[in-house]
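Order of writing sets the chain letters: A, B, C and D. Residues in each chain are counted from 1.
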Amino acid sequence: MKKIGIIGASGYTGAELLRLIAMHPEFELKVATGETKAGTAIRDLYPSLAACYPTENFASFNPSNIDGLDLVFCALPHGISQSIIPAIHSSVGHIVDLGSDFRLQDPSLYNEWYATEHSCPELLSEFVYGLPELFRSEIRKAPLIAATGCNAAASIFALAPFVKSEAIESKGLIVDLITGVSGAGRPPKEMTTFCAVGENISPYGLLTHRHTPEIEQALTTYSGYPTSVLFTPHLAPMNRGIIATCYGRAKHEITTDEALHQLHSFYADEPFFVVDERPPSTKFTLGSNTVHLTARADVRTGMIIMIAALDNLMKGASGMAIQNANLATGIEETTGLPIAGLYP
Amino acid sequence: MKKIGIIGASGYTGAELLRLIAMHPEFELKVATGETKAGTAIRDLYPSLAACYPTENFASFNPSNIDGLDLVFCALPHGISQSIIPAIHSSVGHIVDLGSDFRLQDPSLYNEWYATEHSCPELLSEFVYGLPELFRSEIRKAPLIAATGCNAAASIFALAPFVKSEAIESKGLIVDLITGVSGAGRPPKEMTTFCAVGENISPYGLLTHRHTPEIEQALTTYSGYPTSVLFTPHLAPMNRGIIATCYGRAKHEITTDEALHQLHSFYADEPFFVVDERPPSTKFTLGSNTVHLTARADVRTGMIIMIAALDNLMKGASGMAIQNANLATGIEETTGLPIAGLYP
Amino acid sequence: MKKIGIIGASGYTGAELLRLIAMHPEFELKVATGETKAGTAIRDLYPSLAACYPTENFASFNPSNIDGLDLVFCALPHGISQSIIPAIHSSVGHIVDLGSDFRLQDPSLYNEWYATEHSCPELLSEFVYGLPELFRSEIRKAPLIAATGCNAAASIFALAPFVKSEAIESKGLIVDLITGVSGAGRPPKEMTTFCAVGENISPYGLLTHRHTPEIEQALTTYSGYPTSVLFTPHLAPMNRGIIATCYGRAKHEITTDEALHQLHSFYADEPFFVVDERPPSTKFTLGSNTVHLTARADVRTGMIIMIAALDNLMKGASGMAIQNANLATGIEETTGLPIAGLYP
Amino acid sequence: MKKIGIIGASGYTGAELLRLIAMHPEFELKVATGETKAGTAIRDLYPSLAACYPTENFASFNPSNIDGLDLVFCALPHGISQSIIPAIHSSVGHIVDLGSDFRLQDPSLYNEWYATEHSCPELLSEFVYGLPELFRSEIRKAPLIAATGCNAAASIFALAPFVKSEAIESKGLIVDLITGVSGAGRPPKEMTTFCAVGENISPYGLLTHRHTPEIEQALTTYSGYPTSVLFTPHLAPMNRGIIATCYGRAKHEITTDEALHQLHSFYADEPFFVVDERPPSTKFTLGSNTVHLTARADVRTGMIIMIAALDNLMKGASGMAIQNANLATGIEETTGLPIAGLYP
């Protein structure tokens, strides 16, 4: 059994890690910290976990709590892990950071999109970008992994096969994305109340969303081609789920059958991927680590549409983090990860 | 008082017409037909209308019922009005058709997108396209009006100012649209059950949605430029509301301020339009005839984003139909049309 | 035109008053205060109202702003109006308070259920309880009106006919109620985020909800019989709507037909009431001032079920407040109040 | 590995069985029939299951398909299993019927509540009522099990401890229940479209719901006291979840602490039960086999409130069916059943 810790376990991605670890046959939870909830019973904050954590409490973070653990997940608000990881990374086996602090390799990009200096730029190059389907070999045994952002994951999964194959122009890519509310985290905000979201669709973060450079970096690194992306997210009245509808200009004539064939081939050996002609729906993925995809070629406009759907807390965050952790600790990659969605 | 009839009043757009006519100071309902519901009390099918229609029933269609009416709304399933309007149009003052039968002026386009022959092509050229903000002078006093489709309306409102001003390339326009469920009509279908829609986003009609040629026709007619559109709708878990997020390639450098200024100027005198830098949400428009819009220019990719939100049953269907009817019958255009949205 | 003010206009009941006053032919808004939003444009906080309030701002409260107004609505958080109304009630024509401060006539009840002393008990007896269907004659011309709470209104509407007629035991009444989220107000709270409410039903306030004594007081005052109520509310994933399913022990044998007949007779002359054998749904009432009711007698258990549904922001708050204001200022009671619900 | 079949696998409870069996370490699916979907790929009807059933199809029912299986689940529409089970029960090891045909032991009750004759009354007495927490010893090794209805399960779980202990009068019990839409099944109906359910609460089946006699039978059998129940369900805008808020007249003085203590003691050894002072929410149970409960004693009215929440497709149907199957086939009762809810 691998000894596991979670730093920042009281948020939604932390709670999802708790749920997954409770079902994981080779991971054993040693500590779950949550500064604002230290001393609170897990079952009081998340009654949904009462039957698996009947007596455990959230702890206060303390380096001694995690010293010697095999792997630590950081599920902290953005900007916090850069102040914690430097102090702990040498005393644990592996770290999987679910936040955005160590995803961008170029510190100037961080400064530009996050409007602040990175406090630990020297560690950036030691982190591997935790998207297993594109960077699996780097992730295996990696000590430091920056797991992909939820929106970025859906976008990259849809676009990567076609950027790589040069089926589409790698610049001027359009990602129009719709996301459920849990991506915004647990703390109440004006834009996340039921009355603000129910019966409503709201675009947000126009031109400035921070997952933009992450998508570009991953696509460029993976394909070798320079990329630019216009990313437009919309908030929808659902708890979970992301669907990325992506548009790229075809570089040469292509049919829908060929586009679907490319997609099938690309993900043929991936256990968590379903490619189909039927358009994917977010609900196909609820509670699972599975991604659903399709593609179309439009001869009228010369565009290719590429669509990917996933559960933002699973394959978009905690499920992918477990997948990274499985790879990092050398166990079977799919261990403990459900592939069937809850429906309806 | 104008004497008004509704043919096909038992569907959602028919019911919305009933609601609006009950509040309209110059329209008096004379007959509301509904073939499958003939003899049923309006209050039994729509208890929401019980207090304004306590005793009225849906009637069976009969030309004698509508002979001599000032104006008739047709709120029939697509394909039906082309078999009815030829028989009645000379016996009533005006017809506003909410269906799609008479929107496309070119019968070959109808054949291509609807996969069937039009049974009454000779009337196509007598219909005016009922989008007041673009074709107001043609609509005034027009005897035959084909009101705009809900998705098309949102898309055209967002794109028209920028196609007309040549700010964007008129070909290769992308419309990524999210719609509530009421647009699919009242009869139960597999894709519209609560369990199919709740907690879900589903793209549909990829490459083939019938509002595509309608958008192209309206933009081309209005601007004089040839247009092509890639239109991708998504079904969202809400009753009402459409948001069209549109992308066009800027023909020359433009800033967001300039784009917003163009949008403001274009709709400056329109009573039902709100232009703002704040992104529009569908819920701002609930139950009202108001459209909310914004725009952005992205220097990184050279694209302009144009977004419009409206209530699909109001400005997207029955509200716009009343607006057309007001213009056709020569009364004040805004009569009987709420401009405040229900919130929350 | 009556000159109208709103104190506390930035919350949901305030915004609903703004919406209704914009459509009211005899009310003219003079001032709308909102302490935390003073200086903010109404259209920025409520874009849904942008088309009717394009330039107006929320003001800071100042007695001079409201001096001489014909009527002032107080839509303040509970506990605030008792500190404001004493200072202003002599300088305005009428006050309709939407909060709970002046609903309970007995100050000891206030102390018991609100766990605090009332700061202005001497004014309690000058307030009329603003439930027009039961206390219309007292409300006409009344200077001070405490409008009924939303949950209490639904419960009283269902129970009053049967308590009054002695069809049911007046003690041990059970009210099992389901409410939408807008009743909890605009400020974000942990229990009102989308992720807390979506796909969820949560009972709350077990045994202790403050509308309990209000229901008892109104039923006792109206019927003359001592009453006791066990009130259990549940929070449901919807923006608006309340349904009160009430149970009372039949005092003597009664059939469902007789129960329905009693209900019909009781509300026969009320313009906002729909009685039907069909069970009411909250959505029948969306955006309207209409109440839908039914009843059943169960011979197996000797109970009568009484059910009422309404829109909590309309007939449960702002719509009822306008109805009270119409009565108080001597104009037609139904003026400016929609009776058709928005459906779907 | 036990060889398992599902008859009627294309509905929601069938699909949930498919999901659970895919994760069950000791059950192996041999056949899944679905008459209207025979020949359809499971992944086409339920894309959520595509990753675990990539190539399997629904079969047509044929006795030879199931001959010799260890256990067969019947997940058929009500009224069908009584025509199928007589022909197959001797050729398979065990049958767990999820429908209502064999739940009522007294055929006259069936006739009264289902308004039709039972076609196989002679088998009624051979079925065990499949509610493990109350009838575990009868279920172990039982060949024929009629699993409890979803609404009945929630109601019985809340009431049984207090009826058994004589804390409440066993007659005149009130069950006010709120349920998600999946309980109504997969086929589209007017009352289950998104537009009918979204933003709505609707009571239904007043006085006549068929789970009423089932609740009475189970409580009476278990406690030995005659019971009568008034059962009122409400349909709510959510996919899954049932909450039963139950009211009983206290037979003698009792405090909330004592009531909670009774509840704790009753379910102390049950792995799927969480008792807490905090009111349960349906969402605590999403996707899990866990039941959450609380209780209150109201000294003002002399009533006890008992509340239970569960996932109608899990502990209310397919999860409970698996639990019954585990008991029947002699394996560990909790095998393959998740206890953590998906949140949010």
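Basically, a residue touches a chain if its C-beta (ideal position, glycine included) is under 8 Å from a C-beta of that chain, and two chains touch if they have at least 3 such contacts.
If you're wondering where the values come from, they're calculated on a predicted model, not measured in any experiment.
Common neighbours of chain B and chain C, listed by label, are A, D.
With A-C and C-D as the two chain pairs, more C-beta contacts join C-D. Ranking every chain by how far its Cα centroid lies from the centroid of chain D, the top place goes to B. Rounded to a whole number, the gap between the C-alpha centres of chain A and chain D is 36 angstrom.
A separation of 38 Å divides the Cα centre of chain C from that of chain D. Computed centre separation for the pair chain A/chain C is 45 angstrom, with centres defined by C-alpha atoms.
Residues of chain C in contact with at least two other chains: 12, 181-182, 195-196, 198-199, 237-240, 280-281, 283, 286, 344.
Residues of chain D that touch chain B in their complex: 12, 181-182, 186, 188-190, 192-199, 237-239. Those residues of chain D that touch chain A in the shared complex are 12, 15, 19, 22-23, 43-44, 46-52, 181-182, 198-199, 239-240, 271-272, 274, 276, 278, 280-281, 283-288, 290, 292, 338-344. If you check the complex, the residues on chain D that touch chain C are 171-174, 176, 178, 180, 195-196, 198-204, 206-207, 228-230, 232, 234, 236-241, 243, 245, 247, 249, 256, 279-283, 286, 294, 296, 298, 300-303, 305, 307, 309, 344.
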